[in-house]
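Got a structure for you, questions after.
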């Protein structure tokens, strides 16, 4: 009862449209940039934006609280990067029933149509691109790959799984179960370890995998901070020249690392764009009730991924790091 | 129930080691019906260890304990309590944050009558308060006005009084007191000594540990001297002087044959 | 010389802090309000409510109050178990892990193996009790500090949860309705309230009553106060501790039920913050981390204080970053205020 | 009657546990090895090393050992500060937050504001000391339990870190070389070792020496043992506590330096697990959470035990999931073993 | 240095309240040079509070303290210690995990000579051990073999000996002892009493709190009776009987005019 019509008396904002942004964490620069982008877009469309975040990856409860608080505060729409894309669905339903537009950013809900729209990177695609690039590079150099995969954490969250399996698929490794990390049995894969998406974890994981097999020459990383840590481990082991690191994100420090040769290739995503599109969609919805349309052939609005590398290989579309720097976020 | 010749409580050859410290080196003890037995000895002579073994607070490595001629072995203080042995420990053993009535009934709470008590196990707090009040009054402890008061708000002497009252209220076979007057003032000590005499007069035997010789010689019927973890002598108060007892206790004098 | 066992205090005795045997209901209420452990947090909660209702007109609306109750239901329920453990001078870092594990068990056995809701719940309670008993056995048999035991089992239970769940979230739509019942609402005076919130409040009342009015409750306090003294007083402290951990485990299973209802699904990633959050609630609620002092009602107030704070700050449109900072300051201020209030009391 | 103040024990006295005034270096070494607090963890470490070297031939290679040293350098350094706090009967949940905050300050002032490395480091140490002193002041002035104080400041420092850094990672290439120096390696007997690892070992040695051989060190132990007794013995316990928190803060700043060297960048997302990890190391190292007993060498051993375990399990190709579980079991087993070893000692 | 007529330590009108408990209700105290002053009184009479005020462990709400005629105000035990007042507290105040030498020198550690000590502040552990050994030997404490032994491994009596030795070793103006013999056996108590007499004979005045009247009457020169937070009387041991002192202490008798 109380929730739905809460929007009509629109708080102290004096008729301003309120939009909410709920991110996975408020520490990851990716989400911080997303927040900045949303704030900017809100400013230019004359909306008020209130942001919330989980306390850590996978923190569903704080996101549930945030959605409820936003419903209560009379928001018109919510931009959400779900920490647990399944578990948040009932709360999203509640919000939508209360008349809010809910847009998933960065990560799809499960099922994807639980949100009114999704503006996201295709994370599988992001993994696929760096996998394809690495495959072509190794074919060109005539090297046999020995692969290490540095994942997020043991929890098998969807982004983690999609990027990991996307990479392997792109590289031509047969993945038996695309919903789980570690289902492949290809001898080229040395092993997986977890990094918590942070440099220290990346370094430790890389060190341990190198101890398992010193011949590792291709490293997939969940994100660029983990890649930076992995690079330090390789450098310390004197292998930084022989090993190729690939990653996902396209943050400015990451792209600079591409330029510096630390990272071979990264799949760049566009949080600012996601946020901007999301805010604009809410603004439009608030004005005339129209909802955004999905990218044809997909169940979400693909905000695109671009492969950034300075070692372009024919057959795999890519941009160089200069372009990447012009388009990087934070 | 008890014959005047069989000891109420008897210990034989109790041994207790802590690492390489031997607290009890094969000690004996005999408590006769209706007597006050004082246990005296140097610091570390094993007095507290001895009575802890008798009250189940400590399981001896070896040795036997008999109660009214029947062998017992106490695995915990509860076993000893269930046999009617009540102890006032040197460390008092009260729960400071609980009230006086709760402390008095700790471990043997009264439950409500009827289904509330038998099925829902609800305490009869009022009954316990009233009973506590009665106990304290009966012992002449008048300064404690409210049995619902937390024990931590009591003075040292009052706490001691609660511990003593608990033992006196529930002891049915033996009461053991480990230095009950150590922290007490002259007047408070006096009251405890009177209480001990009072309990004895009701027929309950009492073991009293004390370093205070005048107290010991005032109330004890017999005196057990503990030395180096063993019973060194057992003396009849009537037949021994304070200075001789102290001399035996400290090893300055050997006990006579009849005393062993 | 007097022959009574009497002692004397210069001032005529300490202030009376307990209850008198015969009192009017009003006096009883008054005493309840002034009970040492809960007056502090109650005042803090009142202050917070006053401040936030001045900051935002929405704050005191029934719908918002119901919302806060829902938001604290999970941590409030866990805090009840945590309070019992802390009263025994322990601490439970594994509470969140037990909750997640049981929620996954309840959800999975019903959603995937088709067990009826009642049996799934029962099984969950058994698992919760089992986990709690593992903690209790390690504490009582190995004589390890609870902090260490639960630091260890926290990892063990969490790993078991990930393994059993295959890290997959189980959706509410696949579960029997009973599991989701705690998230259902009913209406009191026009305001919707979830059964989960009500369940939490009833649980608090029940546990408060049991702690006060059963021997077990008194023994929890006595054991936490001074375990050796309690043992010498004839309390089977090991049994008390074991039962405390076991019952806390059951309460965590209850909180798992509340959690499933609240998010209408079971997520293996949940519960990682509940340990510090529940300890925060207990501590703000005036229970001593040294054991033996405190009350479960205080912990509910503590959970509400944090909930009101988060909600109020959100309504006041404070940024998340500053919310984090404010909650940090709140913990310190609330506990200081509580201590100060206690000092001021006669 | 004797006129000397003499007491008698049945067995001829407790075993001598201290050191004798005059001893050979060998006896000294022997005594060091048998020092109560460190024998347990040393045995556990030895056992772990033996088991893992049987499981994997790589394990005992110098390169791998150097690696483990590097991996534990950050948490080992933090554990030194944590040990000091725990010895005073406190606990520091804010250690990781202080570390991240100082690392960001060091990195940002040099990378963005162009401060020379030395000044950036100094400023970092100041910030670390400041944060520690805030904890210390809250503990000594408001008389709040350290658990609560640091639970609060944990949030405050972390929020400040996010605010000051804008959540942006600062890359090592933008920093002066001095900040990255701890990650540089040099070669001993063909094995590369980082200055950071060596720094941790030296810090442990220094703090162990100070705790043993200065009045301040003795006062830390006395205060943790029994604060009131220490105060009555003429120790300014508030000053001791304050200095302990301040120095711990400086040590956390040192660990920030080690962290920057290790990851060649400064990340505002680091340090969220360091509080429980460092407490785990301290506890496995045999220091009592009740204060007054323990040694900083034990904490280094504790950190190494966890490091060896993680590394060894990874080499033995154990899945991450089971690594989590194994570390949980390790904590309990290691501490039980330690307690058992102490009991066995004559 | 001290005139025989001016009290070494004098207190006037000390007041200390805890909530609505009044521990000190305006008490006085006079300690004359070279005397042993016994302080006796019921439990809760304020004896410990009084000596805590004198030793800086407690800051009184009101009242004045003078040392050798000069007004002092102690904010902490350190201030009193720096003025030469050493105290053995009822709770002993030792650090159980530290060794005997460390405890003896707690808060006034000896540092190494030269730069090691002055700049690096390194302790001279050997010197402290030797000095501790000397002190303990000097007091005749022979059973403590190793000053490097942790205090927690000592018996209660031995701990008490360490606390007393510390006070005796460092006291230069006044030594205060709060129930030093409460937990001690007969022999150990004897040794402490001898020590007190020994210290007095060296010219140091001593304040002794005790509930043990025979002890008090054996060593004290004058007896201060504390009652309900006030000094009720001050008696010359030579002119008063034990039973009169106890009667005044418990309020059964009023002190004569000359005694006040």
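Per-chain residue numbering starts at 1, and chain names A, B, C, D and E are given in the order in which the chains are listed.
Everything that follows uses one rule, which is that contacts are C-beta pairs under 8 Å (C-beta built on N, C-alpha and C of every residue); 3 or more make two chains touch, one makes a residue touch a chain.
A quick note: this is a predicted structure, and the numbers were derived from the prediction, not measured.
Novice: Going by the average position of its CA atoms, which chain sits the greatest distance from chain B?
Specialist: A
Novice: Can you tell me the C-alpha superposition angle of chain B onto chain E, nearest 5°?
Specialist: 180
Novice: If you tally contacting C-beta pairs, which comes out ahead, A-D or D-E? Let me know.
Specialist: Between A-D and D-E, contacts are more numerous in D-E.
Novice: Which whole number of Å gives the spacing of the CA centres of chain B and chain D?
Specialist: For chain B versus chain D, the centre distance works out to 48 Å.
Novice: Determine the centre-to-centre distance between chain A and chain D, using the mean Cα coordinates as centres, and give it in whole Å.
Specialist: Inter-chain centre distance comes to 36 Å.
Novice: Taking each chain's centre as the mean position of its Cα atoms, how many Å separate chain A from chain B?
Specialist: Result: the chain centres lie 72 Å from each other.
Novice: Distance-wise, how many Å sit between the C-alpha centres of chain C and chain D, to the nearest whole number?
Specialist: Centre separation, chain C to chain D: 32 Å.
Novice: Which chain E residues touch at least two other chains?
Specialist: 42-45, 155, 157, 185, 187-188, 246, 250
Novice: In chain C, what residues contact two or more other chains?
Specialist: Answer for chain C, listing residues that touch two or more other chains: 1-2, 7-9, 14-15, 159, 162, 321, 324.
Novice: In chain A, which residues are in touch with two or more of the other chains?
Specialist: 26, 56, 154
Novice: Show me the residue ranges of chain E that touch chain D in the complex, using the header's touch definition.
Specialist: Within the complex, chain E touches chain D at residues 57, 76-78, 81, 87, 89, 91-99, 102-103, 106-109, 111, 121-123, 125-126, 129-130, 139-143, 145-150, 153-155, 157-158, 161, 164-165, 185, 187-188, 190-192, 194-195.
Novice: List the residues on chain D that touch chain E in their complex, please.
Specialist: Within the complex, chain D touches chain E at residues 1-9, 13-22, 213-216, 218-219, 221-222, 225-226, 228-236, 292-293.
Novice: Provide the residue numbers of chain B that touch chain E in the complex, in ascending order.
Specialist: Where chain B meets chain E, its residues are 40-45, 155-157, 179, 182-189, 211-214, 246, 249-250.
Novice: Which bits of chain A are touching chain C when the two form their complex?
Specialist: Residue positions touching the partner: 1-3, 6, 11-12, 26, 48, 50-53, 55-61, 64-66, 68-69, 72-73, 83-91, 110, 154-157, 179-180.
Novice: Inside the complex, what are the residues of chain A that reach chain D?
Specialist: Touching chain D: residues 26-29, 31-32, 56, 154, 182, 191-194, 196-200, 202-204, 207-209, 211-212, 225, 228-229, 231-232, 236, 253, 256-257, 260, 330 of chain A.
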